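If you scroll down you'll find the structure; I have some questions about it.
Going by the order they are written in, the chains are A, B and C; count residues from 1 in each one.
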Amino acid sequence: MTIIPADHIEHSLEQSLDHCIKCNICTAACPVSAVTDRFPGPKYVGPQAQRFRHERQPSPDESVDYCSGCRVCNEVCPTGVRIAELNARARARLVAERGIPLRNRLISRSGLVGRLGAGPHAPLANALLGFKPLRAVIERTLGIAREAPLPGFSRYTFRSWFGRRRAPQTSNGAPKGQVVYFHGCAANYYEPWIGRAVVAVLEHNGFEVLLPDQRCCGLPLLSNGDFAAARRAHEDNVGFLAPYALRNIPIVGASTSCTLTLKEEAPELLGMQSDAVRAVAQQTFDIFEFLRMLHERGELRTDFRSIERTLPYHAPCQLRAHRIGRPALDVLELVPGLRLVETHASCCGIAGTYGLKVEKYRISMDVGAPLFETVRRSGADMALCDSETCRWQISHGAGVIARHPIEILAEAYGVVT
Amino acid sequence: MRTMIVIGAGLSGLMGALALAEAGLRPLVLAKGQGATHWTAGTIDVWGADERSPREALQALGESRPRHPYALIGAHAVENAIARFRALTEVARYPYVGGLDRNVLLPTAAGALRPVALLPVTMAAGDVRLGGEVLIAGFHELRDFYPPFIAANLAAQGIAARGIYLTTPPAFRRHEYTTVTFAHMFDDPTFRSDIGRQLRAHRGDATRIGLPAILGLRDPLGAVAHLQHESGAQVFEIPTLPPSVPGIRLFALFQHAIEQHGGRLQIGSEVNHGDGQNRLLTTIWSEAAARQQEHRVERALLATGGVAGGGIRTDHTGIVRETALDLPVRAPANRADWFAPRFLDPHGHAVYTAGVATDARLRPLGADDEVVYDNVAVAGATLAGTDTVRERSRSGVSLATGWAAGRILAGLVS
Amino acid sequence: MRTFTTDVLVIGGGATGAGALRDLVLRGIRCALVEKGDLTHGTTGRYHGLLHSGGRYVVKDPQSAEECARENEVLRKIMPHCIEETGGLFVVTPADDEAYADRFVDACRRTGVWVEEIPVREALHREPLLNPRIKRAFAVRDGAADSFLATHANTDDARRYGAQVLTYHRVVGLERVGDRIIGALCEDLRSGETVRVHASFIINATGAWAGKIAAMAGLRINVVPGKGTMIAMNHRIVNTVVNRCKMPADGDIIVPIHTVAVLGTTDIPVPDPDVYDITPEEVHQILEEGECLVPGVSRMRALRAWAGVRPLYKEQDAGSDRDIPRTYKLLDHETRNGVAGMVSIVGGKWTTYRLMAEHTVDLVAQRLGVTTPCRTADLKIEPSHDGAASAPHQSARSQFAILASPFYMLGHRLAEVEADDSYGELICECELVTRAHLEAAIRSEGTANLDDLRRDTRLGMGPCQGGFCTYRAAAIWHELRNGTDRASGVPPATALLRHFLQERWKGVTPTLWGDQLRQERLDELNYLETLAVDRLPDAGHVAIEQKRDYVVEEVV
């Protein structure tokens, strides 16, 4: 049940600026303004600058472009200012006025890029993107940092695997229920094994996994200010997913970015309020949020093998933005022998496509430095993180393998992926 | 599933969570955002409303103001809380000094003298009783610290003081600074050496040097020692406007201790509704993306910080509400009675005394003093009956009632 | 005692006085201005900033409407940097009589007030927070004006041409010899010195105080100070001036001005323009009426309430004060009272200040035998570049179109800070006041306390209402103005800090609840707990003036 007291109902995200009491806690917590003074901080570009913005006058903004959209500000704000959303809208306004650079158009179209690179030709694509002189050219022409951690394309897509496999491995007869899996671009084009782990874990717990049509959630489009394209993406996805949501079939994702977009970022930033949009939002779950819910109902299988390991776990910004705590820690706590140590780092720095940009790459690496240091000092050869871009950044910055916690869970269940 | 819930991550919530965590109860702290630790000086003010020592005041309050939070929990409970707090800070290598027998008078960033009971050792050399000439040193780039103004006001009170500005070394220059940016710089030995040398050059006859409270986040004791060594004088910190570096240090050491004992902090989750029956709170909901997060409750500690913390909210019609669980609130009957005409009126403004009334077990009471929930304890500024800012007792009340509430809920105190 | 001689002495440093000064000097007349406080200390600095289209008065007071419509265009031409082209809307809410709308349109046509009916849908698109149930909407040429900037622009220009401007000079007497007024006696509130001014002519431009000044020469003027209370909302809930389409009454307008939206206003006669307070009933009424225009406005964050007193001139017995004509009245005391050497200019709207000044100076010039015509309608007033009230500099960075526009735009301060990367220099962060801007204002001779600084720079006028910047400004004041009070050894800045905190408090309490109350509590944590300003040494000697409690700096 959801009871929201009257004085929490906002007229719009912009009105939330009224809650700001200028305490600067957000500025103190902002990982970007800590490392660069090109970014004056969230209070300045958010609720403070908002009072100077006018829909019908030219945008007075510039430094808001350096906001990475990590949302740490929202997390620490004691009064509920929607700082990240204010910044996102101001950025979109700048984009609307000044246009989107080609680079940003390109990197925000994850679906397109994935489709181009993944498949049998992936090794060639990967070789090209690993070729330093070519990366130097790309940096000079397009502005994608030559050292930025670009993921390797997969030789097969998750969807093709799902389509080809034999009957699902649900144990113990009839399925307990159905679950829609929203795989996102990462699991489909770069890390299909994560998708396989998700499916395996869900089937082990007696669920039938459905795979409707879907496309990129549109988050990179939102972050880069292309609100029109993001709206089209979300409309398409809602079209695909709403029929399930309206039948109360949960939509589960392992990318905390995708699930946050479906739950909140797209509807709020784009002002999309229809019943279908709301239904999809309300039925979307992070995979560990879903598994934790099962556990609270006594329905989660706990036949885990023991895994005697101590591993660093980084809770990505996009997970913390869900405001659901640490579901991965809550579930993995049940695995005997396994000890996860939260890094408590505020941000890995990549912030989606932010750290790929040549003018932001250094900032992104400086933001992530404390996290990389913590991971290195742990001595572990592996780090866990629920977000794909963070995994790639952590590998790049700390030099260790980064896995999704669902992979460890699948391992603990002993399910074949 | 965590069913021992602490609502609020300010000093009272953190003390309560520590008590629950140490009792092995795996508390979950749900907080809308950071608490007042990040806004305030980082000292523990037990009692500063008059010239009595905190100990004397505590003894007297039991009789003169039986509904004061200190009286509800008892002087003994206050001392226990302080002892536990001091031990915690010792272990974290950020020890607090002072006690209940007399307040220490410390200079403020305006040049006034304020009474505090406990203070981190990094502020200890600011004690006005130490005498001698004081050099106040700051940075032009830090817009919340002005040595000439501070020194002039100290001098007007008979304290030999001088104010100077230091030069930020070129390698550390940037467009904008906050207290936290400076604190990171003070964590850097190269920076400290440079500053230390400048201090020595300016020192003259000063035996003590006061700097803004930015002397490092990672190792403030090391920073102070280094600066003392370089400058040849005692060095102390002076708290200034938010963000508060001493407050951030406190939060970090609490977080570490709570998590070490199995507790969990969930910052960014606002509790906005609670449900119960038969005098027991059974469920609370916190705000989350797309839907509320539901939490089953075995016991709950309400530490939402009063008006400042957002735990008590008011509106234009004069309604005063408790925002997390909608508990009954005691408040001045009319909006007309909320404010005194003078901002600095020593009695303060009655609206800030609004809050939840409790019994001696900190259980919330209704209008007729009936217990609303047996399994809930209220702590800190959300408690009714007094304006702890005017009394100069705010952090002391938070500390003591937070600890008491945690211990009560853990079943360790009858 | 100091003495000086001039041809015309203007008493009153509001819009009309400043306008008259500039007009005089442009006609080559030697002149000086005295004002008891800071410029715009009176009504000019306390109104909502409306640049009238005239629409409000077309039915009730057509002459006033006509004057406003004409002067609206003149002011846009001569001082665009003081004016924001917000546009205006008159809307018929469910609480309003639809029949009035047609009368309104007719009357606009007759008085020359530009009006255009627009579809309700368009009005709602433009202003999404407007009452969705409005029935009709009309666009007009209302604007928002910075009266402080405008007044300073006038006096700075006048000073460039040789006029004298003396603030903190309170007139304590008029020198009358027989049937002629020959000068004035003033007290320099900063030095305590008496200043005697010999003048051939005096212009009494003191607005609501005109009666008090005239009485010093034994003359009686029936000026009824009409208190108007206003509430500033934390941000611009509308970007267009929004009016209820009805006969003018209380609480029927919302004016976006700088970073706030002002809800106004009331009209209550007060016997003394220096003595009044703001009642809860007024606040309640303004919010209630505001709900008709913007539903939910009473639950939004209000920053503070304040009042100004209108200088309403009561010729004959009018009904309520709303019935007193808003047009201005030039009182020639020679023809009215047989006393030569002084005129009083009363009534009027800020929008017509220049016209009022023109007519006044026409008469004075005639008496002095000066035939140079008035040029103030044509000569542009250049923005001041020195001093505190400076206009945004024209930046070469083309991406900030805001900085290139001649008119004021909401984003200009932000664009400046972004262009200069000066965010590290912000002293008042809410209103984007940089250290350089503040220091220039502190150094400016006219500034006697932090409240003057506030008027000059907007320090303390944002959400935190001085919560952070009061401390910073006081400390910077101390560094620049230096000194200690000789008697107590306490820096004057300490007393100024406490005074400003109290000044801000007085204005916030009438509207203090919700978010603003939380803000004030944080401000208490800052000032009482962290800074302990209540324990700062007492300066002891402060000059308490009249009922305003402002602190005057001791001249070193």
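Just so it is clear, a residue touches a chain if its C-beta (ideal position, glycine included) is under 8 Å from a C-beta of that chain, and two chains touch if they have at least 3 such contacts.
In this text, all values refer to a predicted model and were calculated from it rather than measured experimentally.
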| item | value |
| --- | --- |
| Most centrally placed chain - per-chain CA mean versus overall CA mean | B |
| Top chain pair, ranked by how many C-beta pairs fall in contact | B-C |
| Gap in Å, rounded to a whole number, between the CA centres of chain B and chain A | 35 |
| Geometric centre distance via CA averages, chain C-chain A, whole Å | 51 |
| Euclidean distance of C-alpha centroids - chain B vs chain C, Å | 42 |
| Two or more partner chains touched - positions in chain B | 39, 174-176, 242, 310, 313, 315 |
| Junction residues of chain C, two or more chains touched | 299, 423-424, 468, 514, 518, 522 |
| Per-residue overlap in chain A, given as positions that touch at least 2 other chains | 7, 23, 37, 40, 79 |
| Chain A residues touching chain C - in the complex, by the definition given at the top | 6-7, 11-12, 15, 17-23, 37, 40, 43-44, 48-63, 79, 98 |
| Of all residues in chain C, those that touch chain B in their complex | 280, 287, 298-299, 302, 421, 423-424, 426-427, 435, 468, 471-472, 474-476, 478-479, 484, 488-491, 493-494, 497-498, 501-502, 504-506, 509, 511-514, 517-518, 521-522, 524-526, 528-537 |
| Complex contacts: residues of chain B adjacent to chain C | 36, 39-41, 45, 108-114, 141, 143-144, 146, 148-149, 152-153, 155-157, 174-177, 239-242, 306-308, 310, 313-316, 318, 335-336, 338-339, 341-344, 346, 351-352, 389-390, 392, 394 |
| Touch list for chain B against partner chain A, complex | 1, 28, 32-35, 38-39, 174-176, 178-181, 184, 242-243, 248, 255, 259, 264, 266-270, 272-273, 285-293, 296, 309-310, 313, 315, 321, 323 |
| Chain C residues within the chain A interface of the complex | 128-129, 234-236, 239, 259, 296, 299-301, 399-402, 409-415, 418-419, 423-424, 429-430, 432, 462-464, 467-468, 514-515, 518-519, 522 |
